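Next, two complexes with subunit A in common: one pairs it with subunit B, the other with subunit C.
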Partner chain A sequence: MQSDIFAKRKKDSLIFFSLLIVVTVGSVVITQYDVSKGFTSLLKAFIWGGSNFYPDGKSLTILPDVLRKLWDTILMSIAATTVATVFATLLALVGSRTTRMNRVFSLVARGIASLFRNIPLVAWAMVLMLAFSQSSITGYLALFLGSFGFLSRAFIETIDEVSNDSVEALSATGASYSHIIFQSVLPSSLPQMISWILFMIDTNIRDATLVGLLTGTGIGFSFDLYYKSFNFHAASLVVILIVITVILIEMVSNTIRRVIM
Partner chain B sequence: MKKIEEAIIPSKPLTRESFTMWILLLVLSLLTIYALATIDYTSVDMGKAMADTLNNFKTIFFHPAAHRLSLWDAFYEVLITMGLAFLTTLFGGIIAMLLGLLAAQNLAPKQVTNIIKGFVAFIRAVPSILWVLIFAVAAGLGSVAAVIGLTFHSVSYLTKAYSESFEELDRSVIEALMASGANWWQIIFQAVIPSSVSSLLSWTFMRFEINFANAVAMGAAAGAAGIGFDLFMDSGFYFDLREIGLVTYFIIAFALVLETISTNLKSKILLKKA
Partner chain C sequence: MKLELGVNREFCEPLLELKHVTKYYHGAAPALEDINFSVAEGEFISVIGPSGAGKSTLLRCINRMIEATSGEISFDGVLISKLKKRDLRKLRTRIGMIFQHYNLVDKLSVIENVLHGRLGYKSTLAGVMGRYSPEEKQQAMRIIDLLGLHDQVYKRCDQLSGGQKQRVGIARALIQDPKLILCDEPIASLDPNSAKIIMDHLRDVSAQMGITVIVNLHQVSAALKYSDRIIGVNQGKIVFDGSPSALTAEKIAEIYGSESNDLMVELGERYAI
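Showing the complex of A and B:
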């Protein structure tokens, strides 16, 4: 019997790898991906990056301007996250299996969460751009809608996981709905929810770059401006500032997570 | 009545955990109020813009139509985006497999895992669009720059996920194999990878889902092919709301399928852990 197991394992991996090769070749053909160019450009990019993509003395003059844009972007990301948190919490309470009022509302809420989550951030940004034009409100609203979708789903999962037994126990003792929510469900899911909020702020700062590129706002716009005018020293300074910001925020988030969880 | 309640239920002591949480929430709320108060409202007519946007969304979601793209074209464009996401996930997975082994604490020395973890954290801190644009300078805008640029983030995500899956293998198994004279590669291929293969595949698929969304974004922002580029053209050049609707519905349909599969996989991983 022993040999059968090995034979089966061999057959499984053979099927798996041949499928993988077929899909890979299909993808290469359909996307017109030039494999050899992929490898050569990787090398070329590193050589180019080493010789051009670093901040020089002249680029430091833009520092105050970029720092202000960066600060605006951080504020936008935080504001988008917190406002989205409020709405997402409400939706999650309706949608979660443990705290729902009835099955229909729950299904609707889950549908809304899923819909918002799967509409790409780019679509939000581009459509908002049509009416709000190039203003920081466009960027803010796009980030808000994206965060709302993501946090709703995350919160629904969190509440589902955390509060199953306690809700049953409390409703058996005759506690009212608001008591169950405020005394049990929210306090016990708060640490996990805060962890998601911190994650969202960090993601939003990175996504703000993308939204900024598309809508001409914030730090993404600064990068785009220098990048498109081939001022790569200045563009690299913007990248370095973003990296420092994201890493700092991640360190703070990790410290907070260690304390609360 | 109130008095009695207070006497029976003692006020909860403020622990360090809840203190931290409340301070954090307070700081975030204050920053939000400040941000919303100082935002520049003067450049847009808020009421009109809101109404216009609602109208736009109504057109997008209730009257989708194909003008420039036929239905088959749109489908093919989504396939291209899927292809980009697949290649990105594949390359990311291969590189992350190696780095994951070096980042797992039960398989590699502490200094090596620290270096890999620092490297991965740096990759993650650069927004993926910037990786793509930086590579676009050398490779030109297009699928090569998009795939290579997006591979970076996949490597960082999967390295973390893979190394955590590897770390679940009990130390004693590795020690037993080492005692029986197995070398490092034999341990990896006979024990570590077979025992974690199902969670490796699940994590990889979850990354594929993220990469699909990223590939859409790169199509719009970095000129990579696929449905994202159509989204960008329809809204930025043709102002064709009804076709934006069609494209959005296509993206949502594919994303929902991917989401359903990855939710199932995630609950399987959780079950295994519990």
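Showing the complex of A and C:
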């Protein structure tokens, strides 16, 4: 019996890896992607980057302007996340199995969360651009809608997994629905929810770059501008500043997570 | 003491009465079938039976955490089965409940969890904000002291041991000022020593405060040692209802069916504990 299990494991992993190889080779053949050429071009790209894509003394003169744009971008990402948090929490309470008022609303809420979560940010930006043209409100709304979808899904799962038992206990004491939400569900879920919010903020700062590129606002627009005018030194300065910011934000959020968990 | 209770049972209005209570889940077999019993004030009752016999369902039908399919349950002169949501909440404030997995809000402190027992008495706003009166806080402190948790008052509950968590559970039930406490397998996740402490506290609650206690138990030995009365359940039916001294080996065999052989040893230890 025991040897059967080991034989089965061996067979399973053999099947898995064969499938993986077939799928990989298949996709390469179908798309006619030249693997070796891909890797050599990558090397070339690095060499080009090393010789052109670095900030020089002259590019530092744009620093104040870029920093201001970066600051705008950070604030916009935070605002999009916090406002999305409020709406996502409400939707999650309706959607979660533990806190739902009835099955139909819950299903609808989960549907909305999935829909918003599965529409790519770029698609949001493009669609919103039709309505608001290239402006910062377009960028803000795109980030907001993306965060709303993602956070709703994350919060629904958090509430489902965290607070089942204590909800039962509190309803047995005669506590009302709103008592249970504020005294049991939210305190239990809060650390994990904050963790998701922090994750969302640093994802949004990264994504804001891309959205800015499309909507002509914030740090993404600066990058686009310098890049398209062949000012590679300035463009590289922008990239480096974004990387530093994201790392800093990540460090701050890790510290906060350690404290609250 | 026991004799007096027996007399009470006949002459006084029972605190809790179940009549023809039946519960069907989706399956064809009933989880509870025609359950009838009444409970006098101050009694300490153990409900025993094999896993899946319907002990948990029975307990939860009493405070309607699970809705019975049919039958009548009355508590303290009120017909529970007919209550509207609002009145049901009011009634639940008089029935405490203790769980196998403690069911505390782990991220909150001991005192906050204990005070949750007062939520049923609060207005929406006061409950949402977690505003408790000085009297309620003092009462919480007294109960916490009583249960020997004085040093843990401001600790977060995820830092407590299982036995301590269960004592917080008891404190949360006590601050409700209940007439009845329902305990669903309160010692099933505890080591023998903590289990003894919890059972001793439950006995004190019953004997000294006059609160009626109904406990679901896995351990026949604990049921024999602590209860005034034992109810044996098998496949959703009551197959035994009587004093611990009347619980013979044959009766245990009837309650537990094929599982009973392992339990005979425990019965032999009846007077050893």
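Remarks
Definition applied: the second predicted complex is superposed on the first by the 243 of 261 C-alpha atoms of A that agree within 3 Å, B and C clash if a C-alpha of one lies under 4 Å from a C-alpha of the other, contacts with A are read in each partner's own complex, and residues count from 1 in each chain.
FYI, contacts are C-beta pairs under 8 Å (C-beta built on N, C-alpha and C of every residue); 3 or more make two chains touch, one makes a residue touch a chain.
Please read these numbers as outputs of a predicted model, since none were measured by experiment.
In the superposed pair of complexes, A:K11 makes contact with neither subunit B nor subunit C.
In the superposed pair of complexes, A:V259 makes contact with subunit B only, with no contact to subunit C.
When both complexes are overlaid on chain A, the residue A:P191 reaches subunit B and subunit C alike. Once chain A of one complex is fitted onto chain A of the other, the partner contacts of A:G174 are limited to subunit C, with no touch recorded for subunit B.
Applying the stated contact rule after C-alpha superposition, one finds that A:K58 touches neither subunit B nor subunit C. Of the two partner chains, subunit C is the only one that A:S166 touches; subunit B does not reach it. Judged by the touch definition given at the top, the superposed model places A:A45 against subunit B, while subunit C stays out of reach.
The wider contact with subunit A, measured as residues touched, comes from B rather than the other of subunit B and subunit C.
In the superposition on chain A, subunit A positions 190-191 are in contact with subunit B in one complex as well as with subunit C in the other. The part of subunit B that touches subunit A in the complex is made up of residues 16-17, 20-21, 24-25, 28-29, 31-32, 34-36, 38-41, 43-44, 46, 48-50, 52-53, 56-57, 60, 79-80, 82-84, 86-87, 90, 121-122, 124-130, 133-135, 137-139, 143-145, 147-148, 213, 216-217, 220-221, 225-226, 228, 231-232, 235-236, 239, 241, 244, 247-248, 251-252, 255-256, 259.
Here subunit C touches subunit A in the complex through residues 63, 65, 89-93, 95-97, 99, 101-108, 116-117, 119-122, 124, 127-130, 169, 172-173, 176, going by the rule given at the top.
Of all residues in subunit A, only 20, 23-24, 26-28, 30-34, 37-38, 41-42, 44-45, 48-49, 53, 75-76, 78-79, 81-83, 114-115, 117-123, 126-133, 135-137, 140, 190-191, 194, 197, 206-207, 209-210, 213-214, 220, 223, 227, 232, 239, 242-243, 246-247, 250, 256, 259-260 touch subunit B in the complex they form.
Within the complex, the subunit A residues that touch subunit C are 163, 165-166, 168-176, 178-179, 181-184, 187-188, 190-191.
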